[in-house]
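Right, one structure below, let's go through it.
Letters A, B, C and D mark the chains in the order given here, with residues in each chain numbered from 1 onward.
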Amino acid sequence: MKKGNFDMKFNNQLNTMIHKLVTNAAAAVADITDGSTLMLGGFGLCGIPENCIQAILEKGTTNLTCISNNAGVDDFGIGLLLQQKRVKKMISSYVGENEEFERQLLSGELEVELIPQGTLAFRCMAAGYGMPAIYTPAGVGTEVAAGKESRIFDGKEYLLETAFNADFAIVKAWKGDTDGNLIFKSTARNFNPLMAMAGKITIAEVEELVEPGMLDPDQIHTPGIYVHRIFEGKNYEKRIEKRTTSK
Amino acid sequence: MLDKEGIAKRIAKEVKNNTYVNLGIGIPTLVANYLHEGINVCFQSENGLLGVGPFPKEYAVDPDVINAGKQTITALPGASSFDSAMSFGMIHSKKIDLTILGAMEVSENGDIANWKIPGKMVKGMGGAMDLVASAKHIIVAMQHVNKAGESKLLAKCDLPLTGKNCVKRIVTELAVIDIAPEGGFVLIERAPGVSIEQIKNATAGKLLINGDIPEMAL
Amino acid sequence: MKKGNFDMKFNNQLNTMIHKLVTNAAAAVADITDGSTLMLGGFGLCGIPENCIQAILEKGTTNLTCISNNAGVDDFGIGLLLQQKRVKKMISSYVGENEEFERQLLSGELEVELIPQGTLAFRCMAAGYGMPAIYTPAGVGTEVAAGKESRIFDGKEYLLETAFNADFAIVKAWKGDTDGNLIFKSTARNFNPLMAMAGKITIAEVEELVEPGMLDPDQIHTPGIYVHRIFEGKNYEKRIEKRTTSK
Amino acid sequence: MLDKEGIAKRIAKEVKNNTYVNLGIGIPTLVANYLHEGINVCFQSENGLLGVGPFPKEYAVDPDVINAGKQTITALPGASSFDSAMSFGMIHSKKIDLTILGAMEVSENGDIANWKIPGKMVKGMGGAMDLVASAKHIIVAMQHVNKAGESKLLAKCDLPLTGKNCVKRIVTELAVIDIAPEGGFVLIERAPGVSIEQIKNATAGKLLINGDIPEMAL
């Protein structure tokens, strides 16, 4: 190998990685059309892509299918989209904090698929790992199993659950770089890295955007290859659902 | 008869040293308050934290650090955070020694229902279906009867199931009850001052009473 | 909730986690018996559990089934076990750096199952995630597919590959704490965190062992729940297979 | 006729801007030396690194930082490391735009054999079976004939396969050849000074020659 040459080439283009920077949330979601399927990261209101949700709201996009663990609360998170009836279908594991959601569901305005939380996580991961489907024991013997293939391995029954297929994955990270590498903070990680791997187009909003090389390669939770667009969000409210403290 | 704190206190006795435990929302959360001295336990919260600590001081509240009940919490020294797939990965690979959760109904073969009342309440199963499908040991913490005075320990669950044949033990305000391998509610202990008759009356499913039933020590 | 009480209890037992410290490699591998199935982390000689391999060698354990991406080189890594004929069967993806291995294989002394590298990774992950089996397109139409169930999803064929089941997983990390939390360095990560999740008993040797609380919870690659024994290794040789440099 | 460097140089022209590329051992590794100015490429090494850089200076050699060929390497700014499952996860979810690898045989329907010679060589497939099963685009870099002078471009592979119907393009010392969707080796370019006759003689499988075949520009 011509080592000198190899070396030189790299020195001539220190920034060999692929840049994904967009200016703001509006630019990041500009091509999300009515009827799209979106994955939205977050657990409750923790680690949700506040900026993108707001931008979709302002853009007027409607008829959405949203895959997200929760549906926000009445006046925050995905709840804002529900309030304006932009959501045709929700795929979630728990929606108990949202009265408008429950009203739309019971009245039949909103289509809802409730799935186990681990199944939601595994179906995102499967997409990101190129697995067409996975087996999980969650939901065996319940109405979740209805119409699904089941199979016994070593005497235990599992359901076959297919990988998710979303037009856009929209995630929120703590730090990111312009190559799309993401780091999440504590339990704000939740579904974010899994959904980041699963979107046909993945949009990441981050609290702090840095140059490539500023993040330790060993600490990156989502490698940039999974992220197509990134921007630094602003005015994070980070609303707390249940503020519990000790003396 | 026990209050909620009493139920938590009794369940705390079930928690063994050096174990990983997942606590559900409600009474199960209270169990952390009553662990015996010298019992080392590591709590998992399925939203992605191992080593859950107490609620934070007011000045240390961090919206990015919550438990599965969306309460603000802290992480203890030795804690680790992870994504939801790894979280349910450790649940399904049976690394969690004990799961304590609430229920709306339990049947005498160990079925549990706790996520839906058709046409009335639609909250979703959250992580409960995963937890009950794979837990090594499940204790249900609940009231013996519902608000309408109907027994929650049934021959067969009326509500949509969360999981089948999974509950091992139930602790209520009246009693400690095990699920017999061949089916049936085995009465293990009575709550202080509660008679066998009271427990019989509050249990719709088959109650099995073998010999003397001690009163629980708390 | 009695917040005061909750708070107090925790303050009384700052170290609530489960301690897993063993004194050294000999203690860590003491109960590995002849005929055991071992998973061994590492890629080539990078990130291999040098201390445990040496301890197994000294202990005399034999008739082993080893699951490891590679088989070491003639005089290092798993090659040391092969040299002394302690290995009955190897399950690996690439064994090209080891002449003694090739000799034993071609002579029929050693049973060998060669599997795709991604399949090896996924089968470890499946075990750690409680998935009984996974689907992968690797090996379709090749001799790897012989005798395996295949299935078409969305027009593409996949093989069903079962989760690995190992008596012991033996991994090497860069840093670890006494609760079993592990952090790996660069490409020395490789199969280590996957195998750590997959062993019935997981043994971790680390270059630097610290007290709980010294590692950032967000930077831990393997949560302690997957690790049963941990110790600080010594005298790491970290042999380099192909030293390539540039001017 | 091209030397190894020439083959690498010709393949470098196939590498598009802003892509993720996995390079196999041997000639493929050399491709990194000949990328055109302004072509941003991120190299993945399947042992767990995205953003592979050049070999380290002597003083910076780190045994913990290697590529899939076990060579010591460096990580560029913006690199990320990950475990082998995520590495093959990004391969199988088709995040890698181009895979360049060597071969012992390629058949006219795009089958590839490069991991085993029964009874003679047993090295294993490493990550090759994964890469060929899921790559969006595969270019094979190899000699047109083996050491015994036999063609490596066959109607059907004799050696055990690594993957079926996966190779898109082949670059050898003699030619650039595509696999026709309906099967057959489509001659695209001749190496400098190489005649169509030479290529015909070195190709055992069906060679398709449509119109004038240009000489390659390097």
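As a working rule, a residue touches a chain if its C-beta (ideal position, glycine included) is under 8 Å from a C-beta of that chain, and two chains touch if they have at least 3 such contacts.
What you see is a predicted model, and the numbers here were worked out from it, not measured in a lab.
Contacts with chain A and chain B are shared by C.
By count of C-beta pairs in contact, C-D exceeds the other of the chain pairs A-D and C-D.
Rounded to whole angstrom units, the spacing between the C-alpha centres of chain B and chain C is 34.
The distance from the centre of chain C to the centre of chain D, with each centre set as the mean of the Cα atoms, comes to 30 Å. The geometric centre of chain A is 30 Å away from that of chain C, both derived from CA atoms. Chain contacts: chain D has residues 49, 54-55, 75, 81-82, 85, 88, 91-92, 134 touching two or more partner chains. Counting partner chains per residue, chain C has residues 1, 3, 6-7, 122, 129-131, 136-137, 184-186, 189, 217-218, 244-247 touching two or more of them.
Going by the touch rule set out above, the chain pairs that meet are A-B, A-C, A-D, B-C, C-D. Across the interface of their complex, chain C is touched by residues 1, 3-4, 6-7, 122, 129-137, 153-154, 156, 158, 162, 183-186, 189, 217-219, 244-247 of chain A. Contact residues on chain D toward chain C in their complex (touch as defined above): 45-49, 54-58, 61-73, 75, 81-85, 87-88, 91-92, 111, 116, 119, 122-130, 133-134, 160-165. Contacts from chain A toward chain D in the complex involve residues 1-3, 5-7, 9-19, 127-131, 177-179, 181, 197, 211-213, 217-218, 220, 223-226. Against chain C, in their complex, chain B makes its touches with residues 5, 18-20, 29-30, 32-35, 37-38, 40-42, 44, 49-51, 53-55, 75-82, 85-86, 88-96, 134. By the touch rule above, chain A contacts chain B in their complex via residues 43-47, 69, 92-97, 102, 105-106, 112, 114-122, 124-125, 136-144, 174, 184-194, 221, 238-247.
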